[in-house]
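The data blocks that follow each hold one structure.
Okay, so chain A shows up in both of these, paired with chain B first and chain C after.
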Partner chain A sequence: MEKEKKKDLIFSLAVIAFVFVAVVVLENILPRTSMLFTVLKKGSIYALVAVSMNLLNGFTGLFSLGQAGFMLLGAYTYAVFTIPVSQRAAVYQYFDGGIIQFSLPVFVAIILAGLVAAFFAYLIGLPVLKLKSDYLAIATLGFAEIIRALFQWDKLGGLTNGSNLLRRFPVFKSSVFPLAVSGICIAVIVMLINSTYGRAFKAIRDDEVAAEAMGINLAHHKRMAFTISSFFAGISGALLAMFQTTVQAAQFKSAMTYEILLIVVIGGIGSVSGSVISSFLFIACSEWWLRFLDNADTYIGAFHVPLLRPGFRKVVFSVVIMAIVLLYQRGIMGDSEISVAGIRKKLAARKAAAAEKKVSK
Partner chain B sequence: MSRTVLEMNDITMQFGGVVAVNSFSMHVDQGEIVSLIGPNGAGKTTAFNVITGVYPPTNGNVFFNGEKIIENHPRGKMKKLYAGTGNGKYTEHLEPTPDMITKLGIARTFQNIRLWKSQSVFDNVLIAKHLRRTSNVFSATFRLNAAEEKRQREETAELLNILGLYDVRDNNCTSLPYGLQRRLEIARALATNPSLLLLDEPAAGMNPQETIDLTDFVGKIRDDFKLTVCMIEHHMDLVMNISDRIYVLNFGALISKGTPAEVQADPAVISAYLGEDE
Partner chain C sequence: MGFFQTNLPYLLAGISTGGQYALIAIGYTMVYGILRLINFAHGDVFMCAALMVIYSSSYLPLYISIPIAIVATGLLGFAIERVAYKPLRTAPRMSAMISAIGMSYLIQNLALYVTGGLTKYYPPVPFISDSIEIFGAMTKRVTVITPFVTLFLIIVLVSIIKYTKIGIAMRAVSRDFETAQLMGVKINSVISATFVIGSLLAAIGSSLFFSNYTGVTPTVGGMPGLKAFVAAVFGGIGSIPGAVIGAFIIGICENLIKGMGLTTFSDAFTFVLLIVVLMFMPTGLFGEKATDKV
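On to the complex of A and B.
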């Protein structure tokens, strides 16, 4: 048993190492502008925020729609604290160079981004988490909208630069960075889900009354799930800021939360691997694979393909999503996971079945 | 004289105008099996819900091991509506949540089985060990609590063994037959290390043989785990066989109490159950 666990771990690490090597190699072969890298970068950022949302919606049974708000907090925290002091006068040109006149190292700022988002979640958690299902969704959505408005408010311009862009903060060039940061964060979330606290979250999701009767403090655990989920949403916000190279509150609309919700639903509510797979597929479809549909001058031989025009991609994409939701009503993965141990067990079972067949012959 | 484990005084539970429990007092002593019986809608489950902190009572208090754990008196809208007796006798507000009650050592099962449906038999019991943890979320996530986790898993396996559920430990809990699901609910309650166990109709839906088995089983776990048991039951054979004492509720009010023989002979009980052939 222990030996197999060790083997699985080594195998998983080998797979991860292979992925990273492959990405590095591809980055040296393919042109920098290849859409593959956009998908890897944005996909890994969305994977993290989708998994953080799944922790709440899928594993704790709390239907929250505040994700964009917490990402905004993370993105701003990262940007505000990492713009080099020498650049602040130019960035905060309407606010006398802003009120913050120091900058933090990148990793410290990323963690701070998570902490700020978590702090806000902790504050609003107590009143908001008393609400049931739909009301919780509305309250968190409202919170995200308020945050967005607040960050565009001129009076806070010294900190947030009002409705102007924040820019010139350190960003990443290689896809390895977001992949690694998201990978580590998702691994931590998986470890949490498999711990005694994760089990308690699932108990709350399955039956709140029974969970409370078995000694699980609902308020405490819900708030914990909410805070942790927001921490990781904050980190993904910081990564998104780095990916986009600029930050503006107006981007973090509720439409963004719906996108993430869609990813979670398509991947499977309660499946981490589902959320990850569906993030990459979602980003690949919306940014890359369907691009050709936007090209109005597409010819097959002499035949001018009709319908194609800028924006048609979005129509097809919506149809694809509807088809997926109709075909896989519980998402691609349902609530199961892809894991090395699972694959090994399946292979072992297949082997055993094959052996049995031979014997019976 | 044995020690009193649970004591309820003048408990009234009103839902608006409905008086579900009316000035009900009872006590359960160490090691006893006490049954709560009464026709449908008599307020038995509601009494359990008050003891376990699901509803704060409208009036009255509850002691556990000599310590006051719950107390309330009519307030707000209830002040005008209040229909029970003992008004003005209680002055404190003590409204713990159910998890706090369970921490003190009172565990329960549910009349309409409430297992965690997506979880295996093993995990249903393991999760109930969560409240006795010493780890925090950080140490648990990063597996710094490996020793505790191992101990919890061993205790869970042992408990499943004792309750005869070890062989089905990896099955989803909903795949079990009804009788075993009820047994699993008892296992889960025991996993919280209670000293008082509240069973809400443990034999409901069971066939006669399963009911007989359950009778032995409840006595056995009482002895093995040094428990005190309070039980709601409709199967009269089971109740009469197993109970040290019985309380009879009708329309929320106590109509009789005593040993099985005394209760069976009480004309008030007979008339309350008239027409009911259980």
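On to the complex of A and C.
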């Protein structure tokens, strides 16, 4: 058994290494502007935030809609602390160069982004986590909106630049960077889910009263899940800032949280691999594959295809999402996972079945 | 007197937005009372009603196009319930809420497609949109009319709920879904009626709201929708008078905050209120105490 585990681990690492090599090779072959890289970058950022939301909604049973708020905190923390000192006067032109006159290394700032989001989540969690189901959802949504308003307040302009853009902070060029950071974070979340804490979270999801009777401290574990989830939402916010090269509070609306929620639902509530797959699919569909629907001058032969014009892509896309939500409620993966061990077991079972068939013949 | 003079326009605006929120909030509170569902698409229904008036008014005179749009909005509410919520009636509560979010996403994208992403402007309604002067403050006539329209509609609604058969059925269903069903209440028609009434009121609210704030974009329904929901929670979810009072309080406070020059926080205030209410009196002003059974 131990040997097989080791084999699986080596095989998984090989797959991951192969993906990274493939991305590096593709980046050198394809033009930089290829949509593939946009999908890889944005997809990996959304994958991280979707998995972090799944940790709450799917594994702990806490229905929170505060993700956009925590991403905002992360994005701003990263941006504020990494704008080079020489650029600050230009960025904070209406606020005398801002009040912070130093900048941190990129990695420190990314981790700080997570920590700030986690800290606010801890504070918000103290009162809010006592609420149940849809009240929790609407209260967290409310907090995200409050945070957004606070960051646009011109009295805090020295820190947040008011409602103006933050820009000129260091960004990534290669899609390897967001893939690697998201990959590491998702791996940490998976390890957490498989630990005793993860089992406690699942117990709370399945039955709060029973979980409490088994000696699980409800308040403590809920707060922990909420804080950890926000930590990773903050990191993905920082990555999003780097992807966009600018940050503005007005963009982190509740619509963003809804999109992430829909990604989680499409992937399957309670499946990490489902969330990851559906993030890439979601971004690929909305940014790339369905683009042709927006082209008004589409002809099949001499036939002018009707209805196609800018915006049609999103209509088709949301109809598909509604169909999944209504007819295919378990999503792509349900609550199962793709893993090397799982595939091996399936193959072994198939082999055994085939062998049995032979014998019976 | 000086204080009164400077704040009067905001107070008037507050009373009128309050009335408009009240008309939306009733839809939320009735649906939540019966289905225990936050109907996230309700704000978008409100937006659709405005778009319908805008598009139909380019072919028809306003006194025909507004009633048509109101009826069409009622049908839209009915259709949304049949398509998005009815199939999920036995599913976990969260599935219905996700479906509501999906529906809201769909309606917004449809509106974006139809309008081509341009802001559409609500046609000026004669008489209602005219400017008038009250105590030296300039405002539109709609500001003064709204509270009366709202009060009138609420009296009608409350009498429907109190005295008609469908109203009694609604109260029975919101008290106990399953028992009402066992007593022979036709649950589907009651739920449909709830959605139709809610949407009709939202449509009327929308023609009042957009006579005042004329720009219509696909996402314009989101904020008034959320605020109306907060009003419903504040008043005690399921209670119609509660929702109305909550809506007026939110409308007035929000506009007074704008008057103090803190426009950024006028939206945030609503959510602060929501959180305070949820923390300290989760059943709201007039809500019934609910106990959780194991």
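Throughout what follows, the second predicted complex is superposed on the first by the 359 of 361 C-alpha atoms of A that agree within 3 Å, B and C clash if a C-alpha of one lies under 4 Å from a C-alpha of the other, contacts with A are read in each partner's own complex, and residues count from 1 in each chain.
Assume a residue touches a chain if its C-beta (ideal position, glycine included) is under 8 Å from a C-beta of that chain, and two chains touch if they have at least 3 such contacts.
Since the structure is predicted, the reported quantities are computational estimates derived from the model, not experimental observations.
The superposition on chain A brings chain B alongside chain C with room for both.
Residue contacts after overlaying the shared chain place A:192 against chain B, while chain C stays out of touching range. Applying the stated contact rule after C-alpha superposition, one finds that A:295 touches neither chain B nor chain C.
Of the two partners chain B and chain C, more residues of chain A are touched by C.
In the superposition on chain A, contact of A:209 is made with both chain B and chain C. Of the two partner chains placed by superposition, only chain B is touched by A:335; chain C is not.
In the superposed pair of complexes, A:217 makes contact with chain B only, with no contact to chain C. When the two complexes are overlaid on their common chain A, residue A:314 makes contact with chain C while staying clear of chain B. By the touch criterion stated above, A:200 is placed in contact with chain B alone, chain C being left untouched. Note on the composite model: angle chain B-chain A-chain C, taken at the C-alpha centres, equals 80°, rounded to the nearest 10. Of all Cα pairs linking chain B with chain C in the superposition, the shortest spans 9 Å.
For the contact definition in use here, the residues of chain A common to its chain B contact set and its chain C contact set are 209. Chain C contributes residues 36, 38, 83-84, 87-88, 91, 93-95, 97-99, 101-106, 108-110, 112-113, 116-117, 219, 222, 226, 229-230, 233, 264-265, 267-268, 270-272, 274-275, 278-279, 282, 292, 294 to its touches with chain A in the complex. For chain B in complex with chain A, the residues that touch the partner chain are 52, 54, 97-100, 102-103, 107-108, 110, 114-119, 123, 126-131, 133, 135, 137, 140-143, 145, 149, 152, 188-189, 191-192. Those residues of chain A lying in contact with chain B across their complex are 188, 191-192, 195-197, 199-200, 202-203, 205-207, 209-219, 224, 228, 270, 335.
Contacts from chain A toward chain C in the complex involve residues 63, 127-128, 130-135, 137-139, 141-143, 145-146, 148-150, 152-154, 163, 209, 253-255, 258-259, 261-262, 265, 309-312, 314-315, 317-319, 321-322, 325-326, 329.
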